[in-house]
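We just call them A, B and C in the order they show up, numbering each chain from 1.
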Amino acid sequence: MNLLDVENLVAGHGLLTAVRDFSFSVAEGTALAVIGANGAGKTTLFRTISGVHRAQSGCVRLAGRDLSAMAAPKRVAAGIAMVPEGRRLFGDMTVRENLQVAGEHGRKGPWNLDRVIEALPALEPVMDRPADVLSGGQRQAAAIGRALMCNPRVLLLDEVSLGLSPVAVDSLYRSLALLRDAGATMVFVEQDLDRALAFADRIVCMLEGRIALEGRPERLDRSAITAAYFGLDERAGEGVHA
Amino acid sequence: MLDAIVQGILLGGYYAILAAGLSLMFGVVRFINLAHGDLAMLGAYLALFCVERLGLPVWLAVAATLPAMAALGWLLQATIFARTLKAGILLPLLATFGLGAVLQNGMFGLFGSDTKSLGNHIGSLSWSSWQVPFDISVGKLPMFTFVVAVFVLGALHLLLARTKVGRAIRATSIDPEAAELVGIEAARVHRVAAAIAVALAALAGAFLAMRALITPYAGPAQLIFAFEAVVIGGIGSLWGTLVGGIVLGIAQSLGAWLSPQFFQLAGHVIFLAVLGARLWRTHVAEHGGWRNVVSGVRA
Amino acid sequence: MNENARPIFTVAPRRASPAGWIAIVAVAMLAVVPLLCGGPVVDKLTTLCVYVLLAVMWNLLAGYAGLVSVGQQAFFGLGGYFALRLVEAGLPPYPALVAGAFASAGIAVPISLFLLRLRNGEFAIAMWVTAEAFRLLVMFDPLVQGETGTSLLALNAYEPDLRRNLTYWVALASMAAMTAGSYWLLCRRIGWAARAIRDDEDAAASIGIETMRVKRVIFIVAALGCALAGCIWLASAITFQPRTNFGVQWTVFMLFMVLVGGLRSFEGPIIGALLFFAVQEIFGDFGAWYLAGLGAVAVAFALYLPEGIWGALRSRTGIELMPTQVKHP
C-alpha cells in the first residue's frame, strides 16, 4: 500500500511555477530518491509536501488522509517530518535541546534521545554543544535526528549529502540504511547519482517542475537518466516507466 | 555622586522589568510594540482600580492584575499583532501606535486626568530606607523593585532555558519556519510571548505607580525608556536588558544629580551615544578595521 | 547609470495631467478666498493647509521611502523655535518663519547622517528620542521658559486681518510648493529609487542605487515640510509650548491621515487630510474620547484596509489622478 501520495501538485513563487502537475507515490518501507539539476523544483516540492510552502493546487495524502489543508505543524503531527535544505538547526541551542524540542512538539512514538544517538552515533560527543559550532556531517546528523524525534511516518530529506565529506556521507548512509531496514519510509534529494541509485528503491528525475523519468534504479539506463537530468532528449520527457 | 550611582543602579531594576517584555517581543515575535508603555500604564491603573474601588490590598491587586494583563496580551497578539505582522514592518508600527492612542485617551476618559499613585497604599515601604556607609541611603522600595527585577529575569531565564514552552519560544525566535517543521505552532508561541510581555509591562507599571505619580499619558515616555534600555543592553539578550536598564538608570540619576532638568536628557544622550558607537563600529568593520578608518580620515 | 539609454519604464506624464490643472486652478481659487470670506473661514483653511502639508510629507517619508518616523514633531517644533529665536534676533516675523523652517531642515542634515543608518523600528524610535531630546534642549533656553513656553508677540504688530491673511497665504504657498515639489521628486529617478529602497534596501544598493543619498534627500525635504507646518502653526496659534509643539500627537495625526487616506498613493494623504479636518471639526469637542476614536480607526484601517480609502478605490476602479506608479510604455 502507498503511504504517501502526491497528486497533481502545483506550486510556485509568484508568477514562477516551480512544481507543475507533479504526481508520485511512495510505498511504505521504501526509499524514493528525487534527482534533478539545480532549479528543477526539488526544494519547492519538498517544502510544499511538508506544508511550509502553500500549494497552488493538487493534494498530498498520507495513508489515504488528505493533508492539503493543514499547516506544517499539523502535518508533523500527522507523520511528515523534513530535514530542510541548509539543515536549519536552532543554532544557539544545544544538539540535545534541538532534539528535545522536536520530541516535545512532534508526533509521539518510539524515538527518544537514546535511540537517536544509537542510530546516529556521530551525535554522541556533541550532544551538549550549540548546533552552530558543529561540523557539516554533525549538523546533518543532528538535523536528521531532530526529524526522527518527530516520529515521522515519512521522512523527507532535502540535499542529503550536499557539502559533506565522503567519510561523513558514508556514515550518514549507513545510518539511513539502518533506518530503512527498520521499516522507515523516506523521500530524499541526492545530487550524487551513484549514491541515489545505490540506495533508493525508486528514482524520480525532476526537470523544470515535471517528472522527466521515473523507475527502479536497476531498470534505468544511465544515458536515459543523464538525458532526463539535463533535458537533452525530448523523448525522455515522456517518461520511461519501469 | 556615589549616591546618584547607587540610585541609578536601583532604578535600572525598574527599567529591566519594563524592557524585558519589549525585548522578548522583539526577539521572539520580531515585533515592536509601540503601545508597550501604555500597556504598562493600563496595568498600573488596573491595580489602582483594584485597590481604590475594590479595596484589595496592593499585593493582591497586583497579583490579580498580572493574569488579566497576560490574557490581554494573548488577545492582542491573536487579534491585532499577528494580523499586521504578515504585512511587513510598517503596519505593526502604525497599528500599535494607534493602539497606544486608544489606551492613553481611553484611560484618560475612564480614570480622569488626576495624577494617581499607589504610594499611599503601601505604607512605610514607599519612603523608608536603609542607611549604608558613605552617607548613602537605600530606599526600601527601589531595593525591593531591583530584587524583584532580578527575580523576574531569573525566572524568565529558567523558563526559557529549562521548560518545554521556553525551548519552543527559543526555537521560534531563532527560525520560525524550522520550528514549524518540528511541530511547533509559531502563532501560539507568539501569543505566549505576548502574554508574558504584557504581564511584565503591567508589573513595571505597578512599580512605577508605587514610586511616582502616574497619568494616562505617561506611557510614551516609559516606552522610550524601555526601548533605550533594550538597545543599550543589546536587543534580544535577557540579562543585557538588566545591564541596559542599569546604564540608563545611572545616566539619568547622574544627570539629575547635575540638575533636575538633565534627568531625561542624559538618558536620551547615552542612548544616542550607544547607537552611534555601534554604527561607528559597524562602519569600521566594513572599512577594514581601525587603522584604515583613521588613516582614511587623515588622508 | 547610462543617461542616454532608452528608459525601460516611464513614470507619469511629462505634461501636466488634467488633475494637475485642476490642482493649479484650485490653489489659485484658494488664494483669493481671503478677499471673499470672513476670518473664521480663513483660519480653518490655514489649519487644513497645515494638515495637508503634514500628511503629504509623512507619506513621502513613510509611504514612498519606507522611513517610518514617529519623531517628525522634532522638525515641527524646531521650526517654530528657530522662528522665535530669529525674531528675537531682529528679523521681521514672516521672513523669520520661513527662515526658521529652513534652519530646521538644516538640522535635519547632520541628523540624517546618523539616524538614516538605522533600520525600521530602530529608526522610528530613535527619531522619537531625538524629538524628545530637542524638546528638552529647547526648554533650557530662557526665552522658552521651560514648560511655560512663550508667544510670538511680534506678530501683534500686524493688524489682525492682515496677519490672518498673510499666515494663510504662507500656509497655502508652502502647502502647494511642497506638494508639487514632492510630486516632481517622486516622478523623477529619485522617486523610484526611494521606492526600491523601501521594498528592499539591500537589493536597491546592489543594483547601484545610492541608498544613503536618496534617503537623505527625502528625509530633508520631509523635515522642511514639517518645519514649515510648525512655523505656520506658530503663526496662527502665536503661543509656543514645548510640550505641544514637540508633541507626539502630530505624528498621530500624520499617521491617521496617511493611513486612512491611502499610504503610497499621492492622492491618498490629501484625501486623508480633508477627512481628518472634517472629523476634527465634527468630533473635536469630545476631547480624549475623540482621540481614542482616532486611534481605533487607525488600528482598524491597519488591520482591514491597509491600503486606505484611496488605495481601495484605486484598486477597484483603476482611477489614477496623480500617477506616480511605474508604467510600462
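Quick note on the criterion: contacts are C-beta pairs under 8 Å (C-beta built on N, C-alpha and C of every residue); 3 or more make two chains touch, one makes a residue touch a chain.
Keep in mind it's a predicted model, so treat the numbers as computed, not measured.
A.B. asks: Taking mean CA positions as centres, which chain lies farthest from chain B?
C.D. replies: Comparing chain centres, A lies farthest from chain B.
A.B. asks: Can you figure out the chain closest to the middle, judged by Cα centres?
C.D. replies: It is chain B that sits nearest the middle.
A.B. asks: Between chain A and chain C, what's the gap in Å when you average each chain's C-alpha atoms?
C.D. replies: 54
A.B. asks: Hey, how far is the Cα centre of chain B from the one of chain C, in Å?
C.D. replies: Chain centres of chain B and chain C, defined by C-alpha means, are spaced 31 Å apart.
A.B. asks: Could you give the separation in Å between the centres of chain A and chain B, each centre being the mean of its C-alpha atoms?
C.D. replies: 43
A.B. asks: Please set out, as single numbers or ranges, the residues of chain A touching at least two other chains.
C.D. replies: In chain A, no residue touches at least two other chains, as defined above.
A.B. asks: Mind pulling up the chain B residues that touch chain C in the complex?
C.D. replies: On the chain B side, the touching residues are 26, 32, 34, 80, 83-84, 87, 89-91, 93-95, 97-106, 108-109, 220-221, 224, 227-228, 231, 261, 264-265, 268-269, 271-272, 275-276, 279.
A.B. asks: Spell out the residues on chain C that touch chain B in their complex, using ranges where they run on.
C.D. replies: 62, 66, 68, 70, 114, 117-118, 120-122, 124-126, 128-130, 132-133, 136-137, 139-140, 146, 248, 251-252, 255-256, 259, 263, 287-292, 294-299, 302-303, 306
A.B. asks: Which of the residues in chain B end up touching chain A in this complex?
C.D. replies: So the residues of chain B in touch with chain A come to 164, 167-168, 170-171, 174-175, 177-185.
A.B. asks: Within their complex, state which residues of chain A touch chain B.
C.D. replies: Within the complex, chain A contacts chain B at residues 50-52, 71-73, 76-77, 81-82, 84, 88-93, 97, 100-102, 104-107, 146-147, 149-150.
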